[in-house]
Amino acid sequence: MFTHVDLRTRFGERGYGGLYSSESLVAVLEEVETAFLKARADDAFMDKFKDVLRNFAGRATPVMYAERLSEKYGRRIFLKREDLLHGGAHKTNSTIGQLLLAEYMGKTRIIAETGAGQHGVATAMTGAKLGLPVEVYMGAVDIERQQTNVKRMELFGAQVHPVTNGGATLKDAINEAMRDWITNVGSTYHCFGTAAGPYPYPSMVKFFQSVIGNESRAQMVEMTGALPSAVFACIGGGSNAIGMYSAFEDDPDVLLFGAEPAGASEDPDRHAATLTRGTPGVFHGMHSLFLQNSEGQITNTHSIAAGLDYPGVGPELAAMQDSGRATFEAVSDEETVNVFAELSELEGIIPAFESAHALALALRKAEELDPEATILVCVSGRGDKDLEEYWNYRGI
Amino acid sequence: MNRFDAAFQQPGRKSFIPFFTLGDPTRAESMRLIRAAIDAGADAVELGFPFSDPVTDGPVNQRSMRRSLSSGMTYNGCVEMVREIRALYPDLPIGLLLYCNLLFKRGERAYAEFAEVGVDAVVCSDLPLEESGRHCELLDAHGIGCIQMIAPNTPTERAARLIDGSSAFTYVISRFGTTGPSARFEDDAVHRVARLRELSDKPLVVGFGISSKEQVADFWNAGADGVIVGSYFSLLVERNLDDLGVARKEIDEFVRAVRS
Amino acid sequence: MFTHVDLRTRFGERGYGGLYSSESLVAVLEEVETAFLKARADDAFMDKFKDVLRNFAGRATPVMYAERLSEKYGRRIFLKREDLLHGGAHKTNSTIGQLLLAEYMGKTRIIAETGAGQHGVATAMTGAKLGLPVEVYMGAVDIERQQTNVKRMELFGAQVHPVTNGGATLKDAINEAMRDWITNVGSTYHCFGTAAGPYPYPSMVKFFQSVIGNESRAQMVEMTGALPSAVFACIGGGSNAIGMYSAFEDDPDVLLFGAEPAGASEDPDRHAATLTRGTPGVFHGMHSLFLQNSEGQITNTHSIAAGLDYPGVGPELAAMQDSGRATFEAVSDEETVNVFAELSELEGIIPAFESAHALALALRKAEELDPEATILVCVSGRGDKDLEEYWNYRGI
Amino acid sequence: MNRFDAAFQQPGRKSFIPFFTLGDPTRAESMRLIRAAIDAGADAVELGFPFSDPVTDGPVNQRSMRRSLSSGMTYNGCVEMVREIRALYPDLPIGLLLYCNLLFKRGERAYAEFAEVGVDAVVCSDLPLEESGRHCELLDAHGIGCIQMIAPNTPTERAARLIDGSSAFTYVISRFGTTGPSARFEDDAVHRVARLRELSDKPLVVGFGISSKEQVADFWNAGADGVIVGSYFSLLVERNLDDLGVARKEIDEFVRAVRS
């Protein structure tokens, strides 16, 4: 069900990764590492994890052949349907893994940050299922924009703390969650939203999300008799991408692509294309690429896809870009919105804006691929959350 | 010899070390505030470079850094301020606090620049021991003191290593949490300092949340060589933005009271 | 994957069911019957159906043991997770079956009616997937209340026709869809939203929805080693209920329960409790129970669950009530809203208001059952659609 | 002998049959409208009981039924109106159109009541042949004519059975769709009536959407024994609710023109 994932501290020649956190967190990060390694080897833990993934979250999710889209673009396109996962996005894979781990560690309180609310909702939902109290930090600006998700978290019994510092969006919410953890490190587990942050989070979240790639691989082989020619995912922090890639990274014939948000324009704070336009830095616990000015002050970002609206990226992806193992390109808000509508109309699936980035890149690359190529796209979530924004954008 | 070493070796005298964000609320006012503290008798200063996302700081210091950045403060501006302070106070121990990314972006030339303007020690609150090898090497190479931080949950054995890995002094974080004034401390905080004291003779400086002269004295008495007070002063600045003379006066009085 | 279902014209001693339609529809209803019988025996059709159910809709859906709920109520409670189905409710099982059948019949245009929009969205979504144009009739009042679903249908490429006649809600939309079909009977297939209407719809939709019961039966046996002691479903027209019951109806030890909406009060137009408070009549193509006045004028109805807000009920359920094989009770808006919150908080699942009716009845009955009893509840859909109404109701 | 039989047996004379919703817009006005049509020379009338959800009717008749129900019209009120009309016009063939549920709710006593007030025939637009066994039996038992409907897509063989199953007359639905005025008909509609004519000598009456005297004449010429005009009159009522005299006058003129 999962790909084998080593817990790595450093990635690639430039040594991305590491553990750059306050001394107050060093001990608990070691505790997380130890617990994770123990839990992963513990059949009881893994059985419970698999059971909750299956019966609560609804795994396995299918891979679907997108017949009408394939016809239109002349390549066989397959969609990994993480949009069908409970909660509406792949985030649930990781919140289940992390919260079970927190329980395993004896932690009694969960904190998380959230941007638009997806990870916050997934954490709150999982906390409700497991009976763990959850507190979520969320930028005041995001709270204003995403009232529905705030109330959804509250319905799950979670407490939502508004963050008014800084830009009052995701980055600031992460900052605040880190501050909470520094303060309440004994009782608390920080459920991080993506495959980034300090060691061991990038590899640990990759492991939890490797279920996406692992299932997809088997499903592609079953459906087509072969591995896919090219795999596409969107990149926020990188958890759905690295989870998907995990099953293919050792197969050099499988091309790996990632789509990041080109946003509204090339102005520094109007996009969030970290891999293609960011520079190396050290922030949020890791050495990786960031959107920042020349002095290292982190920039505010923009994407129509709230889940991609983050100025950093997981260290392993930064390394995969360096090594050439994966190719990253940016996709604009406009392209995203078009593909959002196209997938709805041709395949009866409303993708998350995030996921529409991945598909948009796949459609862009399709004609460069061999006519016999098979394309696998990770539909990381469903787009119900994005309907209003879509109509606003379209002026409907 | 590092100016901090000199300060901590004065027999019978404990150090009082005010902390300021460079450039808060503006470069000029920031200079006057820092000078007020020094002139009132501070034994050393700890100066913070403002950062967009100060994750180990509480709300008070976050706002302080934001004011500084909003006023147009830059990395170079900070370095120049340090140069100016050094020129005015040739013997004053000066420590810097930076978020790791600022140093990272500046690159290795940062260390030579620090040495050149007369910095005595540097601490990064998001650079733990394991990641600080090259950083300490470079500090060392430029004759600058290296500061490691000890947290309340740092195991004793690790604390020993952190003390070992520090030159200048070791920064003992007084309590769980980020920076920011605390009305009171658990007794535990003071006891912890006393226990750490037993591990080593090297200088220990306590900080985070200290905001009264009684608290300063408690930590001194527990064996700390120095005590840092920071966000309490930032708060004074914030509360008196329309008349910073008041802030300077309160800082002056606080330092004098502590030193008397 | 499906239970064996006979196409029956009449149900029970009172002979519920029948085919009461305009002469204009008699021929096409016979055409539907013939095509369905042929398709069901055609491996190619059934394989395609199963494939779309699996890869597009995400079947099988899991049965989940509701641990915290079970603890609280002292009986083992299991939830059939139709909320995880693509589109967010069990409706998709039937829209896929019906639209594949329409394609099989060579029909080139699909019509449907919708109340709050669930069936309309499911039909539009399935139409997009299969490349069949869909037109949906929807009451003007409902359109006003459910803008999101209207725009969602449009995103799937469907046309939504406002219906201003009568109360301008579901019943009127059904009337209008029937009028359309009478007019365009050659080209058009009417995708009906529940297991009701004229022969062969009740049995045909039951067959398509029998996948719920069929899966559940196997899953319960796998999880508990036995059949459930009692099975609960909510009743709008009755499709999720009859689909669930289908796998247990011949096991007399399995108690069957259905929850219908007691709405806001006992005033005739403030509830929609057709089985417990309706009277026999002939309407919408069938002989069944209806909410109507003493002269046979059909009443307007109310339920906080839009999908249950219908004055009729499928004929087979009416017969099962008569025979005592199933027991039906009404659940109020207030109870529904409480259970909606309770399931969210205890199990991390926001149920559709419709499904919350089923769970509310299960919790009401739990203590009457043997302490060793196992309870199976059909969570027919997810409640994202109901969040706003929930907060309105709570005055939040 | 059923009054419809008598009407259809008049040699050389085709029937014109206006349709009205009983009670539209009120019972009293409805009476006056119906009387205007009869007095202008209608050969028979078809009277509809209003129903909350008339699924085989188009918008015009839906609104007509709604007006009637809104004015307080009841089932008993309808029966009493029929009784009144019968008293005024002892020889007039009177047919009723009901949605099945109204009859169902009234129960089997309905048939005796119809017979008692002098109803000649009954049609239910949502009761197809297969479901109408008991209904026809009861009509028969009470000497009331049974009407089956033939749709445009009814296969010939089935049409023969429907004609066979009708007494009084068979109702030929002129086109696909619900009731409501049509500006024009496909030629096909007229041809279809001619083809049905060949199947049987029994009376055929055409209805649904006929709204001009030319259309009436076309269907007569194609072999229909009678033609029903309904929603055209409902529309006249609707357009003249504030002065129903105008509606009556137009109805009078239409009927006279058709009959002239």
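By written order: A, B, C and D. Residues from 1 in each chain.
We take it that a residue touches a chain if its C-beta (ideal position, glycine included) is under 8 Å from a C-beta of that chain, and two chains touch if they have at least 3 such contacts.
A quick map from chain label to UniProt name: A, C = Tryptophan synthase beta chain; B, D = Tryptophan synthase alpha chain.
Just so it is clear, the model here is predicted, and its values are computed rather than measured.
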Which chains contact both chain A and chain C? none
Any chain that touches chain C and chain B: A
Centre-to-centre distance between chain B and chain A (centres being mean Cα positions), rounded to whole Å: 37
Distance in whole angstrom between the CA centres of chain A and chain D is 67
Please tell me the distance, in whole Å, between the geometric centres of chain B and chain D computed from their C-alpha atoms. 98
Got the chain D residues that touch at least 2 other chains? none
Among the residues of chain C, which ones contact at least 2 other chains? none
If every chain is a node and every touching pair an edge, decide which shape results: line, ring, star, complete or other. line
Quick one: which chain pairs are touching? A-B, A-C, C-D
In their shared complex, at which residues does chain D touch chain C? 51-59, 62-63, 66, 69, 74-75, 99-102, 104-106, 125-131, 148-155, 158, 162, 173, 176-178
Residues of chain A defined as touching chain B within the complex: 18-24, 26-28, 165-166, 171-172, 175, 178-179, 182-186, 279-285, 287, 290, 292, 294-298
Touching residues (chain side chain C, partner chain A) in the complex: 54-56, 58, 61-65, 68, 81, 83-84, 86, 124-131, 148, 151-152, 155-157, 341, 344-350, 384, 387-388, 390-391, 396
